[in-house]
Amino acid sequence: MEFISQHSVLVASIIKIAVLLLIVMTALAYLSWAERKIIAHIQSRWGPYYVGTHGLLQPLADGLKFLFKEDLTPPGADRLAYMLAPFLAFSFAVTAIALIPFGPPSVRFPFLSDQQAFSVADVGIGLLVVFAITSLGVYGVVLAGWSSNSKYPLLGGLRSSAQMVSYEVSLTMSVVGVVLLAGTLNFNEIILSQQGHWFHFLPRWHVFPQIVGFLCYLIAAIAETNRVPFDLPEGETELVGGFHTEYSSFKFAMFFMAEYGNMITVSCLATILFFGGWLSPFPDRWTWQLYLPGALLVLLGFYCAYDTVTAMRGIARIQLAVVTLLCLGVGILCLLPPVAAVIQGPFWIVTKILLFLFFYIWLRGTLPRFRYDQLMSFGWKLLLPVSLANLLVTAGWLVWGWVGQG
Amino acid sequence: MSIIPVSYYLVLSAVLFGLGVIAFVFKRNIITVFMSIELMLNAVNLAFVAFARAHNQLDGLVFVFFVIVVAAAEAAVGLALVIMIAQNRQSLSVERMNHLKF
Amino acid sequence: MPILDHLWVILVLPLAGAAINGLLGKRWPQSRVNLVAVGSVTLAFLAVAELVREFWQLPSEQIPFVGNYFTWMVAGPFRVDFTLQVDQLTVVMLLTVAFVGMLIHIYSTGYMAHEGGYYRFFSYLNLFMFFMLTLVMAANLVVMFVGWEGVGLCSYLLIGFWFLKKSAADAGKKAFITTRIGDFGFTVGVLLVFATFQSIDFGTIFQALAANSVSEATLTIICILLFAGAVGKSAQLPLYVWLPDAMEGPTPVSALIHAATMVTAGVYMVARMNPLFSRAPIAMLLVAVVGAVTAFYAATIGLVQTDIKKVLAYSTVSQLGYMFLACGVGSYSAGIFHLMTHAFFKGLLFLAAGSVIHAMGGEQNMMKMGGLAKKTPITFWTMLIATLAIAGIPGFAGFFSKDKILEVTHAGSSGNLVLWFLGVAGAGLTSFYMFRLVFLTFFGEPRYDEHHIHVHESPKNMTIPLVILAVGSIFGGWFAAPHLVGGPDYFDGFLKPVFSSYAPPSMSEAAEAGIAPSPASELLHALTGWPVIVAVVGLLVAWWFYIKNPEAPKRLATSLHGLYTLLLNKYYVDELYRAVIIRPLLWISTNVLWHGVDEGLIDGIVNGSARVARAAGGRLRELQSGNTRSYATWVLIGVVGFTVLLLALFVTGVH
Amino acid sequence: MSVPFVLFFVCGALAVTGAVLVIAAREPIHSALALVLVMVALAVLYLLLGAPFIAAVQIIVYAGAIMVLFVFVIMLLNAGVEERTDFSAIAKYIGLPLGFVLIFWAAHWLWRSQAAAAIGTSASIPAASSHDLSVELFRQYLFPFEATSILILIAILGALVLARKEQ
């Protein structure tokens, strides 16, 4: 006990890291499930269906498959780099999430003396740190491409490294506008700077004054994560699998998860910077929103129950019943005022993040792919100038123009 | 919480710098020679930051900032040059680039 | 007083003309070049005329009128302002220079019409006018020196105008170098003046003189030095040799520079510095002797020359001798008087000669002429007038001036019979060779091939100046006419202030005595005086030789062969100079300065340093291995050395 | 042993190891990775020295941009194993000893110089906030800042001109 009280920081951090890692891993797994499912529905297919109800156990199966596949290294590959690449990619992707505050800093651990509950590390310059970490993410791709000692990975690596480096510039630039408005690099402070409403209903989010910046950020972020329509590094049609062509089994899985991790990271950033993070979009006087999360969960539970009794047969019915009970239980738990108060922040930020992820997947289901030169010229000749202009305008607005009381 | 004497940092910086120098003198590949320059710059930066901390002034940090900027510019131009060289004569070895003499 | 307050205008006009023609004239039509050149000089002349009008109204206490325009240079006590001054002497000179200059400009437009480098010629001519006017208007020695050297430069440029012709180029160089010798003396004189008087302003100098503070020896030295300059510029013995050669230049140049204006600069300078000279009797005597001897000497050479311009050149030399003689005996006004009349008739003579040459298609040898009187009447008559004038036939300009000179030489204070005799003899010779020239040229049978050379009278723009100058040659001397009949000498009276204001008392009343108004017997004496007699004698002898029996000269030449060749070769002076001065100089320059100093010493140093650098480079370039890393190593070594030093210092400093 | 000490020694060791690896590695790309390691270690040290902003910049610019550029070029030129020729006598007989002499003398002197040891980097001094840094940068050092911007512009142009294909 006294050890805990002495090294409260250490203990708290360990606990938070463990929990966060658990959640993120699951999220990653089920993100792949969601992606397949949604795209399937967009393309009017069923998607994963047979492993578990609605293919809910599909990620598990995938994971097992990856684990048991043969992990082969191409001959003449640079072993060190070949080994290193996926780890780098994955670890950087996940590390960034550690800086994301999932709830108000006011929420503390009851017993560990004043330790934030909802962010692993609340760094003064969180935004910069996140960028630092994501900027390192490129190494994974590059090394993978180079070390595979094969033609297509090399090209893929080259492409993606160039793409990431060049889009990182405009990514940063587009965010600076928000930083100017907030006047800080700390996530929580940025979020708090978005408190309040215009005209009593329109949340004072940075997305409204910084709409240009937001669009730039969105595009740059998509490119940064090598997602459609900027997924040239792994453009199957051109260079088989891009930089991870040669990878198999768990290393491949790591790249996979790294990609989703990056998606989550940038979604978190977008949420925090432009959509008020864990702030609720509704005015505080609408007290009923306190019960919103619980209510929604309960509703989900009811839907599952209905599904259970109508659609499902056999083993699936049992699984679904479990899900139903889980939803109802948690939902009812969340309806208790103290709990509800605590989970407000997490609920909102997670909701927003999920919306973003859905947007990602939606894009992938919809848009065709760019050509490489188009990509580059777009990034340098349009995106960067626009974000720079946005930055200038913002700065000028702050210096000379009307300065908001937010 | 005890303190770390600034001299530790300086020693580290000196060691890194020396290693950078040695790298510069020994390495064959022009790119790695470049890298050793960056290494030296980093060592210098460390010394700057350490001193800035020791005297509790910000100027050192500002210098580091400038050093980084210059390093970036230098890398851009230098690597462009490297590419040119590599295209003109199919070699990256510094020893092959001894044509600029009497 | 528009001009008096802006004296510089008179200078700027020709300078502008020179600049415009020199810079833009190359592609201009001759008409426009004429407009600029003649126009500028004419304007200058008008300005001078206006200046004279204003000068007349100037109260005498304001004379000399000095205009200070800007400070040119200041070095410690040595201070030079660009100052111009106007007094009677200046006025006379200005009128003469501007008037003759204008006429000769006009004349040149005809004479040079068919020559290349038209714009260049007129640019030089204008430039010469500028410098000459500077020279005569200068109010201090340095500005005067500027004009002095400037006219020398222009003379050089114009003598060598046809610089493709070797003889012309050489003549130019000869003139330049020869006058340099004199100018050296002049420069030293100027410096000595400053050293003595702490100033180079005429006014200051003269006032200081009036205080009688300076020893006569110093003055003598100064005057001799200055006179050396005059000797060079005015082609007196022994530096006259350049003037005959200067005839290589275009005839208008000979007329303007080498007869009318530039060569008289020496006389003007001596006259300008009269207070100094008046206080240095020895220098005065020197001047007088040099003048008289030159007058006679040059005349003797003139006897046998066959080149029409050469004859005129030597006569110029001898006439200048007369002027110096006048100055030497203390009658500066007489010298200036003769200067003015001489400007008229000698200018006229040259222009007429030029017209003759023009008519003969470039022929200058009188032996190949003859009988031109009918073909070129205007030229003939004008030239005859000029000849009468220079010969000193009563009634013509030359008579008055030359007669005055001889008179003062004879009767003047420092008068001297020897000098007088030389002068008279010279006069006789002058009359002889001038009429010889006229007879050979215009009388007798044509001695040229009439089928090839079509003699024709010159165009208007050449003949009109001739006529004008002829008028000048007749009446130019009549200022002094009343004097002969016992009246005052207006010219002398006009110039008196200049020459008497600062003159030592002894001199001034002596000058009074010299020109004391005398009874009518004076007139008779003057008319029947020796000058007239010798002049007439010379005329008759010339007539007897060249009209009566033309083979007489040859017989004389054969009988007096030695003397004849001596004269023909101008006393071998050129050869003498070549042997005594030029060859040793060349030898020294070649063997000592060139091969010795230049090649041996200077080149040795230069090449040696180069060789040393080369050798060192050869050693050092071994370091330049081209290997980047070795360079880096050198840098590293340097850094290490520096750091070691630094640490050592610190360690010692800390502990 | 407190946390900062541990961190310092760990990161210092990492940095030195990285530097040595930079020399030792035969693959240019390994050298690059080693260098990245050095930089990250240094970034941590900067954090330890209370300069988080510099640390972040170090990572973003150095590790994230410059070194990526290096790696990129290495890949582009496909720089293979560098041949180990016998390096020049100068380097062997002068460079090596002098380098070590430099290192160790400097180290030794720094170690025992009270001048340096006197001022310690105590944690009591608050971390240099990016706000103060920016104030410093944009007030006192505004001109150098602008100058560097010009420098970068020139560098961009130069790189473009150099890398452009001759048409």
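Labels for the chains are A, B, C and D, by order of writing; each one numbers its residues from 1.
Convention: contacts are C-beta pairs under 8 Å (C-beta built on N, C-alpha and C of every residue); 3 or more make two chains touch, one makes a residue touch a chain.
Computed from a predicted model, the values in this text were never measured in an experiment.
Enquirer: Across all chain pairs, which one has the most C-beta contacts?
Expert: Counting C-beta pairs in contact per chain pair, the top pair is B-D.
Enquirer: Specify the chain with the shortest distance from its C-alpha centroid to the centroid of every protein C-alpha atom present.
Expert: B
Enquirer: Find the chain most remote from chain C, comparing centres computed as mean CA coordinates.
Expert: Taking each chain's C-alpha mean as its centre, the farthest from chain C is A.
Enquirer: As a quick test, compute the distance in whole Å between the mean CA positions of chain B and chain D.
Expert: Once rounded, the distance between the two centres reads 6 Å.
Enquirer: Give, as an integer number of Å, the spacing between the C-alpha centres of chain C and chain B.
Expert: 80
Enquirer: Measuring from the mean C-alpha position of chain A to the mean C-alpha position of chain D, what distance in angstrom results?
Expert: Computed from C-alpha means, the inter-chain centre distance equals 31 Å.
Enquirer: What whole-number Å value describes the gap between the mean CA coordinates of chain A and chain B?
Expert: One centre to the other, that is 36 Å.
Enquirer: If I count partner chains per residue in chain B, which residues reach a count of at least 2?
Expert: 21, 25-26, 95
Enquirer: Taking each residue of chain A in turn, which ones touch at least two of the other chains?
Expert: none
Enquirer: For chain D, jot down the residues that touch at least 2 other chains.
Expert: 53, 57, 65, 69, 74, 76, 87, 91, 95, 99, 102, 106, 113
Enquirer: According to the definition already given, which pairs of chains are in contact?
Expert: In this structure, the chains touch in these pairs: A-D, B-C, B-D, C-D.
Enquirer: Using the touch definition from the top, list the residues of chain A that touch chain D in their complex.
Expert: Going through chain A, the ones touching chain D are 78, 80-81, 84, 123-125, 128-129, 131-133, 135-136, 138-139, 142-143, 145-146, 154, 157-158, 161-162, 165, 168, 185.
Enquirer: Looking at the complex, which residues from chain D come into contact with chain B?
Expert: Residues of chain D touching chain B: 2-5, 8, 12, 15-16, 19-20, 22-23, 28, 31-32, 35, 38-39, 42, 45-46, 48-51, 53-54, 57-58, 61-62, 65-67, 69-70, 73-74, 76-77, 79, 82-85, 87, 91, 95-96, 99-100, 102-103, 106-107, 110-111, 113, 116-117, 119-123, 125, 128, 132-133, 136-137, 140-141, 144, 148, 151-152, 154-156, 158-159, 162-163.
Enquirer: Tell me, which parts of chain C touch chain B in their complex?
Expert: Listed in rising order, the residues of chain C that touch chain B are 621, 624-629, 632-633, 636.
Enquirer: What residues on chain D touch chain C, complex-wise?
Expert: The contact residues of chain D facing chain C are 87-88, 90-91, 94-95, 98-99, 101-102, 105-106, 109, 113-115.
Enquirer: Flag every residue of chain D that touches chain A in the complex, lowest number first.
Expert: It is residues 27, 29-30, 33, 36, 40, 43, 52-53, 55-57, 59-60, 63-65, 68-69, 71-72, 74-76, 127, 129-130 of chain D that touch chain A.
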